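First chain written, first letter: the chains are A, B, C, D and E, and each begins at residue 1.
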Amino acid sequence: MSQLTELKEAIRKALPDLDLVLGWREGYDALHAPPYHIRRQEDLEHLVFGPMCVNNLASQLMHLRGKKVGIIVKGCDARSVVELLQEKIVNRESLVIFAMPCKGVLDVKKIRRALDIDHAREVHFHNGTIEITSGDKTSSVELKDVLADKCLRCHYPNATEYDHFIGEPVEPRVSAEEAAADPAMEELAGMDLTERFAFWKTHMNRCLRCYACRNSCPLCFCRDVCLADSRDPHWQSQETSVREKWMFQMIHAMHLAGRCTQCGECERACPVGIPILLLKKHLNAVVKDLFNYEAGIDPTATPPLFTFKVEEENIKEIEL
Amino acid sequence: MMASLFIVSKDIPQWLAAMAKTRKVFATQRESGAIIFKPYDPGREVVFERESVTSCKEAVFPQTKVLFSYFVKKNPETGETAGVAIEESLNKPAPQAVVFGTRPCGTKGFLTFDRVFDCDRIRDPYYTSLRERTAFITLACDRPGATCFCHWVGGAPDDPKGSDALLTPVEGGFLVEAVTEKGEELVNEARSLFAEADEKRREEGAAVRDKAKGMLTPKPDLTDIGPALEKRFRDLDFWEDMTAACVSCNMCTYLCPTCYCFNITDESDGQAGVRLRTWDACMSQQYSLEASGHNPRPTRAHRMRNRVNHKFWYHPKEYGGVISCCGCGRCVKHCPGSVDIRRILLTALERKDEDAE
Amino acid sequence: MRIGVFVCHCGSNIAARVNCAEVAKAALNFPDVVFATDEVYMCSEPGQESIRKAIVEHRLDGVVVASCSPRMHEVTFRRTVERAGLNRYMVEMANIREHVSWIGHDKDSNTRKAIDLVRIAAAKLRRDKPLTFKTFEVVKKVLVVGGGVAGIQAALDCADAGLDVVLVERKSTIGGRMAQLDKTFPTVDCSTCVLGPKMVDAAQHTRISLMAYSEIEDVSGYVGNFTARIKRKASYVDFSKCTGCGLCTEKCPSKKTFDDFNEGVGTTTAINIPFPQAIPKKAVINPATCLKLTKGKCGACAKVCPTGAINFDMREEIVEERVGAVIAATGYDLFDHSKYEEYGGGKLPDVITSIQYERMLSASGPTGGHVKRPSDGKEPKTVVFVSCVGSRDPAKGRPYCSNFCCMYIAKQSILTKDHIPDSQSYVFYIDIRAPQKGYEEFTRRAQEEYGTRYIRGRVSKIYPEGGKLIVRGADTLLGTQVEVQADLVVLAVGVEPTPGAGKLAEKLRISTDQNGFFMESHPKLRPVETNTAGVFLAGACQGPKDIPASVAQGSAAAGKAISLLARERLEADPQVSHVNPKRCVGCMKCVRVCPFKAIKETTGRDGLPKAEVIEAMCQGCGICSVVCPQGAVQLEHFKDDQILAEVEALCRTWVAKSCE
Amino acid sequence: MSDVGGKELRIIGFLCNWCSYGGADAAGVGRFSQPTDLRIIRMPCTGRVDPLFVLKALVSGADGVLVSGCHPRDCHYSEGNYYARRRLEVLKRLLPMLGIHEDRFHYTWVSASEGARWQQVVTRFTERIHELGPMDSLDPELAVCAIRELGGENGQADQPAPASGE
Amino acid sequence: MKTPNNPYAPKLARIVETEMENATVKTFRVVFEDQAYMQSFSFKPGQVGQLTAFGAGEATFVINSPPTRMDYLQFSVMRAGEVTTALHMLKEGDLVGVRAPLGNAFPVEDMKGKNVVLIAGGIGMAPLRTLLLYMLDNRADYGDILLIYGTRSPDDFCYKADMAEWGARDDMKVVETVDSACTLWTKCVGLVPNVLLDEKPSPGNAVAVTCGPPIMIRFTLEALGKLGFTDEQIITTLERRMKCGMGLCGRCNIGEKYVCVDGPVFTMAELRELPPEL
């Protein structure tokens, strides 16, 4: 039985007790698999699973509070679910988790850069390569060149929290140490302060304040009442100045400190390619360093900024 | 229309530079992998190969516009309010501007703005002052992509409507056709860069255009889309399913060349302030949220319904059947959830005879 | 809003270093400021009157006073504006004295700074809202934790004032440390004779309900409305039946039980009444040594008990009490001197603690008032007292002075001479601390009349040699080494918090100082209050103190409780957090971090969880506000917008200046 | 010790009411002279200091931000400074990644009795900010421009406002 | 400097008088600073204006004084959000910005010769006040006038002086009602729709105009239906979040209609033609 068949079977059984199951369906081309709601058994025929299932479905859970929901998760998505459980946004009893071991998802932007395609009619995966048919032309590229960055360094390919685990767990692609090595972070770390300031100024200048980053984030569950467009409290004006745009990313990053599971949805969602995940990755490293904590692992843990120790081992008071 | 001219690719920067002498020139440039409109900078490459991520709304409808500034004047002796000085930003004339490298779909999008902001009922001085001074040099589309559907909504890859000049990519350069006097002027200012296009080039240009048209997928008949959407109005299940992938962000509307909704907010320190007009998005929860807490469009399903209905039902109803979508596909291509407005339309059409409930 | 700005010269305190007229003039240009003036003394009667008049004449909605620290006069000016009909929270202060004129020399810089401080005060004031008090009913009952002399005094004072009192004592009798003492300094009168009547009063007072052999399980609620859950420990004796006749203790075969009351000087029986004057005088079984409870046989006590009070099946029970105020009077414990290896590490039988010595001196003690060496029962002729054992010794983690050791050493040396006229006492001391009435004279008496020899210096070693204890130390006055051959060494062990103090502090949500003593609200001005409203401190739990100080503090704490509960209703400070339910998404981060448990989860109109602040419990710290990502929880008077307005008032000015 | 090297820089201090504000008062009472660059905003507790206030100040034109509260264990509200310590430490480590020198922000603990310590903190922090110089500026907000152009000295509005944010 | 016909630019007006109607509603009487403009200013009953509280922003309110009395323009502001709170802080002599008139008006011409039933709840009395005063100032043009005005409690009534005056008139009938009985209230008790049913106004040659909270409107419409009023005979006003007030900014649409320009006044018949999105 294929993994997808097994998944469908598991959902088929669970569906009668659920309002809906969050999954992915075929999109306008073979490289896209938008999230959708499985309500009826017949909806299952559209269900797909594969490297094109990039969206983190946990972002949807906030909208669905009060409903009994099933959700299909990849390893990284499961960490977001764990975080939502921690923060009581999701009630474990009204959630059924179908865990799919994951070998990585595609980065469509990378594919566009690597292959000159207009319409991916068909996509096939053969050991390590992806073959895309666009028009009457078929081209292929190595999968590792078009996987999302996060997947290249994934060490949580299997969900830790689930009700149904479909298929066999997969081996992490890299070790935890290798996972920590991140060329983008290293590049930023290699800059001096002036360069970094200029780096952000240039990037933020491009920001549209469309909030795709915020709304795609599974943990920005206060998106409808976000400080960025609130008048009471009035943190931000609606001006499209670098100051306001950057300030918003600072708010975003600080609010995620110790909570972000690095699913990368914010950066993926950005239409103008602003590397906003960098700030969160950095803060995650800080949190790991200070509090030896990683978000989205233990549903009963308290994120480090919502607790304290009387003696902090890793915070040294600095005298001026 | 002026006779076809030809410019070699490498001369484009010179043309831009010539125009930039007296005008603000927006051109498509690549930044961090995204093609966006930015003020022309001779040091940066102008790229044409793909449609830009952003539309060039900014040129005529800036994301932030200071409508006016105000200052509460005090009597210096008593501290009491003596008056309020209001200074309208219109007093400073906007510079002439050229938008270079929009696609026909995007350029045509501004016709929607024209219908709304410059009509019998109202003439928005902020919009018109910029619009009058802005010229569009459009690049005909030689290869529509997976998300393109300009032909569904009355456009075409070489549609010159709204453009001042139209370029067609051919071997080694571009065919150039001025569409309006303004366009002609822009060409004439750097006339030495252009050569008359010979027959062969013109034929090549026509072939490029025909090929692009040939690449378009079959289009549905949208004549009945209004009634079809009306049928689905009460069908919230339909809208919920259609928005299952939507995260309710503002991206689709901010990238859209025809979306014109805006917000008005004041920023002030209590004495001096500005009134800002900034882009707003109907997909935002706060867009229609009332002070009482009541929201007539509380969920993304309600909001998507309004967005789609507005483009394909309300706007046509108000403006003689013209759909206010230009079919550029940005909202599909860049949507983080890959929400496909075409699927919504097709599904509504499919079910146009089916009553809700 | 219409704002008035009042710049104070504070005589020349401010005016000498700040151009006050300039500040007022600048302020007149700030948003919403319609009146600005400067005066010599804003806090004076005419100064306040000018504020009041300006409020009326200029229809002011709020006032900025630029003067001294708000910690000094905020309350003053709040009253001033209130008299003029404004809400008391419609005043902001700019601290241009402590933070400007007193610290900066350059008048121009100072003036610029003062202008900025007024600017931020006015910017904040623009966002201030009138806040009104909410009132709530109070429970006119006081919980006193600890039945030592401080607790007894507090309980009696409260009860005499008409408040009901629950007096909870961990041990089976009240009396505390004082009951263990033989005599008290500087009068050398009998401790029990002084304390006894008070204990009886406490036991018999109709308003005091005495809960001995009980401990605080937890305390919830807030000032005026605490709920205490009190654990009655299992004593295996029905107190309502026990008459304290003592028959059981005579028949009990388990006679090797550690004698807690006598500090291990001698042993006692498994069923025991600590001392003859115990109140309540009830027997309690020590389950660790009782044969019936450990081995299942015996039951001798039950057989002899004339009232059938023994109940081996007794279990602890929890009693709930609602009280309006809590007085913590948990007293102190004594330093474990075994940490001093150089003094024998607790292994030398004739090196005893001062409290053990006290029990030996007591006529009702285990030795019947005869001083005997524990090792051989002989009467010691040379007694050495060592002061500051576990006091003033940072190396042992006891940097503080235990306050009363100097005095009891003098007392015990005097009593030694009384008991053994041919004895000689030596005292090794660091400093003699005798500052209270009659104390200095008392220590002199010990030296001059009783011949106690005081040697200034630390003892470096104590070791046994030939049936004696060699006490070696330095005489820092003479600059020589000293050795004394002692029969008995009494260590004046330092005072430390009781073992349960930390736990109780958590339950009461009060803090402890670095030494573990309960922290008072202000060391000078609020010495018996804590930072948790309605919780007061009495006696040595707040820091080492002697009997008169403990009694005084017991009365002081009682006074605070009485004045608090004298009102029918209490006002809740309106500077509390509020949740805007329209913004709350129900993530409950605020609930998680609130140190006062002042935020609870409720259900909103949409059926989803929402946070809600219990106003009377909120202390106004604002921790919640920072964890709320969407700014739904806002602390009144310190809302995001108010702080942002202050930041922006400065930044906009700065940026505007740099644009010039 | 007067101004640190002439021209003042823009420093904001967030001080808890119970300890550090009192400490600053104590410094005043003790006439411990300090540089005058610092502008103090009074907070109930460092637990109320949202790190975002600091960031807001830094992107809005402040050259340095100082936060000071009660020493650990001495918080008036028992726990506020413990939370603050975590938040502010995370903030401090974020700054360099933004291209902002981490020394522009400092958090410390000063009790109400430590006037001399406060003097030291202010002096050293001010010196340090002067060493770093003014912060790189972002484009001034539109609102600020309006104030500048319209405000003038006496609030006479004569200058035209900027056109828009293009 | 002013651009002619800049529809975004407010005109300065000075507050000449304020009055607290109840705990949350404050009434402002304003006069344009430009006297010539004030004299030439005209509007129709039911039209709205945007008030600017300088420093906070703009919000929409109906002009609740009638065009027949042009000493001042009157607006009643219920404190709800940022702008209304800022407006409440203003005092006599302060300046506000006004953009008016905006939107459509009550069909006062079509209503001539008809009996008029006015049904108001809470702050919904504001638009009806302007209509009523207009009709009273042109009394001969209209038939019987019945006003039913209900609030939660006696303290919540607005325009108390007006109410007393109207109650004393013999050419109209006023029914004041509160939701539930309370001490010192001797007038009618009951929910507006029930009171309306009790009053039984005849639908013959009549127009009913109703304004109030959504729940009241819903049941009032039902009640009017029971009484025999047709959709064409029922007029109501709608509220929506508005920004520009000229049909551009988008948010106040119901179908293709914009409440700010095509409304706020709609007949029930018109509303039935629009998508049900209220």
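We take it that a residue touches a chain if its C-beta (ideal position, glycine included) is under 8 Å from a C-beta of that chain, and two chains touch if they have at least 3 such contacts.
Since we're looking at a predicted model, the values are computed, not measured.
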item	value
From chain E, the most remote chain by mean C-alpha position	C
Chain pair that, of all pairs, has the most C-beta pairs in contact	C-D
Centre-most chain [mean C-alpha coordinates]	D
Whole-Å gap separating chain A and chain D, where each centre is the average of the chain's CA atoms	36
Computed distance of Cα centres, chain C from chain B, in Å	70
Inter-centroid spacing, chain B versus chain A (mean Cα positions, whole Å)	30
Residues within chain B bordering two or more other chains	63-64, 68, 70, 72, 74, 76, 80-81, 87-88, 91, 263, 265, 267-273, 276
In chain D, residues with contacts to at least two other chains	51, 56, 60, 73, 79, 83, 87, 141-143, 147, 151, 154-155, 160, 165
Junction residues of chain C - those touching two or more other chains	29, 31, 582, 593, 627, 640, 644, 648, 652
Chain A-facing residues of chain B, complex	31-34, 36, 53-54, 63-64, 143-147, 215, 240-241, 244-245, 247-251, 254-255, 263, 265, 267, 276, 278, 281, 284-286, 299-300, 332, 334, 336-340, 342-343
Parts of chain A lying in touch with chain B, wherever the complex brings them together	22, 27-29, 32-37, 39, 55, 59-60, 63, 109, 113, 118-120, 202-203, 206, 208-212, 214-216, 223-224, 229, 231, 237-241, 265, 268-269, 271-275
Complex contact set, residues of chain D against chain A	51-52, 55-56, 59-60, 72-73, 79, 82-83, 85-87, 89-91, 93-94, 96-101, 106, 108-109, 120-121, 124-125, 128, 136, 138-139, 141-143, 165
Complex interface listing, chain E residues touching chain C	55, 89, 91
Of chain B, residues touching chain E in the complex	67-68, 70, 72, 80-81, 83-84, 86-88, 90-91, 116-117, 121-126, 230, 233-234, 260-266, 268-271, 273, 275, 277, 280, 282, 287-292, 294, 296-297, 302, 306, 309-310, 313-315, 317-318
